[in-house]
Amino acid sequence: MDKRGNLLDVRQLRVIFHTYRGLIKALNGVDLWMDKQERLGIVGETGCGKSVTAQAMMRLIEEPGKITEGEVWFENRDLLKLSEDEMTKIRGREISMIFQEPKSSLNPVFKSGFQIKETLLNAKKATPANAEEEVEKILGYVGMDASRVKNMYPHELSGGMAQRVMIAMALATQPKLLIADEPTSALDVTIQAQILELLSDLTQKMGNAVMMITHDMGIVAEFCDRVVVMYAGNAVEVAPTKELFQNPIHPYTQGLLRAVPRVGRPGELKAIPGTVPDLVDPPEGCRFHPRCDYAFDQCKNVLPPLLEISAHHYVSCYLCQKDGCPSAKKAGEEPW
Amino acid sequence: MTVANEKTALGFFEKNKPYIDDLKHTVFLFRKSKLTMVGFVLIVIFLLVAFLGPLFLPYDPIAQNFAVRLQPPSQEHLFGTDQFGRDIFSRVIQGSRMALWIIFLVSAISGLLGTTVGIIAGYFGGLIDDIIMRITDMFLAFPSLVLAMAFAAMMGPNFTNTIIAISLVNWTTYARLARAEAMKVKEQPYIEAIRSVGAGTGRILFLHVLPMCISPVIVQLTLRMGTIILTAAGLGFLGLGVQPPTPEWGAMVSDGRNFLVDQWWISTFPGFAIVFVVLGFNLLGDGIRDMLDPRLRR
Amino acid sequence: MVEPLMTITNLKKHFALKKNVFSKNVIVKAVDDVNLEIPRESIFAVVGESGSGKTTLGRTLMKLIPPTAGMVSMDGKDILTLDKKAFLPYRRKMQIVFQDPYNSLHPRKLVKTVIGEGLKIHFKGISEMEIRDKIREVLLQVGLREEHMFRYPHEFSGGQRQRIAFARAIVLEPEFIVLDEPTSALDVSVQAMVLKMLQEARAQNALTYLFITHNLSIVDYFANHLAVMYLGRVVETGSKAEIFDHPAHPYTRLLMNSNPIPDPFLKREKQVVRGEIPSPIHPPSGCHFHPRCPFAKAECKEQEPQYREISSGHFIRCHFPV
């Protein structure tokens, strides 16, 4: 089979959730892929399915949710076909995750040093003899005073420190892929800058690929090589970061970029009219069509496929097939 | 305003949409739980019997007829007769009305008293809270039946005093619940928001804090209805409750004590009635608690 | 210069924290000696990170919590010393919109009750019809529809709830509104709509906003005056243009620098502030910012910098402004 990325290739991933209101079609056939050591950004707004995508890849979807379809090729294995035991060996060792709320991801009753040690021993990256030493070394990597921090309980750590401990734990096993699910949204801007810098330096040094899930276009611009824009359970546009900012094609991406306020560029903020659809009863066809200025009949019937319209730039939009892509520049406006 | 004439084009359904949605959801949760349904059916039967039963009694529940004393259950006397020849079936049915009265009055009095005192303690905190809570501690320091007995014995056994005694024993539960809720609610931004609009303390307390404290109290009330019946029956059994010849289940069980071995039906049928109602309220109460649990709602 | 709508003089709010029965009270200076002038019909942004006291400042101004010391005068009257009754008209003139759209509306009240309650309090004897008319008017103004008044808050999205919260504020025809991070819980596309609505409403109703936020990019887009707070103190204030062009306090500069910019072509030397934000319970001596300041000298550690004017309307609290 032809693989699009040499580390990860997710194909047509579908996830549903059963609720009393009906079926929530959370992921509607998501496609994304990654190369080794790549930094992929996944951006989208609340409810677009960016976190669910990561959870589904890790097979962490729990009742009432269910993965109904799809393949998750990680190197040469389809993660969705592995046994639970084999999957356990992948989680935390080959793919690690960090989350938005670092404090609630740490166990409150154990000291942070102990928790890192456990992770190391579990993954056989240390022996009981040298574990203590390794813990101190790792805490040193994430820029903390190891002798002090390893004896602290999670509640004694600030948000930024806790996130550093989480990063230490996640990277201690030298995973091939680190999934960072909004790692800085709960932190102050100065601390956010520290954490992003740390993540950037460490993963560069260690050669991990990073999947950065975020809603912040600023973080995407500063951190990621390539971006997947998600809307209502679909990847609608995939492109290298610079290409995406310079030449956004999907009307949603354009709208998103215009809505972001920026220092030094005051003036009109343009909002996207309408609201995010209810995923119990999503629109037929392209899920963005009710909010799209350019929508025509075809958009209302069948979901547009994700097609490569120029080198490495993929868009799921019929306009590109009909009468050329809706370039933001054509309309005489700046893309953002 | 020029639009004043075009307004109110809203239909009944549109106006009441939230209520209707809410109701639908409640029914959805309700039907999912079999045990709640069982409890609900038991209580409906109990209510029907209490309301309608006394209209169709085969015998006068108080009239004594020594010709038929201590008869076992038969065609004429479904549940048999007691030592005075009174029809036990009629007495159990009549007793249900008494039970209903006790439940209703005690719940109303103790629920109202407890909730009011509780939200005041919770909302104001400080010294008021300390005083009220120490009082409830005093009440809670005694087993509830013992306390109810003490009150009933002190005030003299009759219907009114039974109600008062059981209410006095019960209100602390609701007070503590309402207090805990009020303490939670008063920290919520929407309370701060209404303060910023300029609402006074009374308005905040009764229009904004109170509605949020009611649902746990209602659940607790339903759950405790079984206990109220038990306490009332306990008082009746000890002779400190409603006085004979008025049929009251606890007193009826007590009446049959001396005949337990040979004339089992005298105590057993009123006992079953107590079990029936207590079980019904407990199942229903559990169900309502689950239904009102915000984690299950949306 | 125009007469300011609100003048804040030496405002302090200290909290006494008690760890347990045996320990002494610890004083947390959440707002410490704040002096600001808020021009009429301006959008005055208060920027700071967690623990800076920006939210406490907003609440103290609103008299939702009692101040420790200081003066807040509005229309030349010190509102902090007014008793409950005398303050009531000011209560109407000053409103607040909270950060959390999910908990700032009473979950058991219809939207019309939420918005109409203030009217019943402040306009005695107002008829039900008049209330309806006013609610409809403000609902339309904040971009909602008439039939929304018969719904419960949980049926709305975050952005719509913030609109309802704002409608509750403007229905009382206030002059001054504290916006406490009104968009920080919202998605960017929704945020853009809400900000736009806020701007239009300000122009239409001649409102003055105190806009509390941690996001400098919104400030640039939205505000025209700005105060930067750090650990309870205002470290820099002035017009937005002045501060964005000539940030004088090292903290302001670093804050601007930390903000991720959505432009992958921008090459900038990113300066990351070292260290954690200190606990406001035990703030550093001298200038609170000195342990994290790249330009700190010995003096910064020992001496508290004075709050002084470095150019017209531009105040700063720093020994060595950049």
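So that you can tell them apart, the chains are marked A, B and C in the order they are listed, and the count of residues begins at 1 in each.
Basically, contacts are C-beta pairs under 8 Å (C-beta built on N, C-alpha and C of every residue); 3 or more make two chains touch, one makes a residue touch a chain.
These numbers were taken from a predicted model, which means no experiment stands behind them.
Undergrad: Counting C-beta pairs in contact, which comes out ahead: B-C or A-C?
TA: Result of the comparison of A-C and B-C: A-C.
Undergrad: Using mean Cα positions as chain centres, tell me which chain lies farthest from chain A.
TA: B
Undergrad: Please compute the C-alpha centroid of chain A, do the same for chain B, then give the distance between them in whole Å.
TA: 53
Undergrad: Based only on mean CA positions, could you tell me how far chain A sits from chain C in angstrom?
TA: That pair's centroid distance is 32 Å.
Undergrad: Indicate the whole-number Å distance between the mean C-alpha point of chain B and the mean C-alpha point of chain C.
TA: It comes to 49 Å between the two C-alpha centres.
Undergrad: On chain A, where are the residues touching two or more other chains?
TA: none
Undergrad: Where on chain A is chain C touching in the complex?
TA: Its residues touching chain C are 45-46, 158, 160-161, 188-194, 196-197, 215-222, 241-242, 245-246, 255-267, 269-272, 275-276, 336.
Undergrad: Which of the residues in chain C come into contact with chain A in the complex?
TA: 49-50, 157-159, 187-193, 195-196, 214-218, 220-222, 244, 254-266, 270, 272-274, 276-277, 292
Undergrad: Taking the complex as given, what residues does chain B use to touch chain C?
TA: Residues of chain B touching chain C: 1, 3-4, 7, 10, 14-18, 21, 188-190, 192-200, 203, 208, 211-212, 298.
Undergrad: Give the list of chain C residues in touch with chain B in this complex.
TA: 59, 62, 64, 88, 91-92, 95-96, 98-100, 103-108, 110, 117-118, 121-122, 129, 132-133, 136-137, 146-147, 150-152, 154-155, 165, 168, 172
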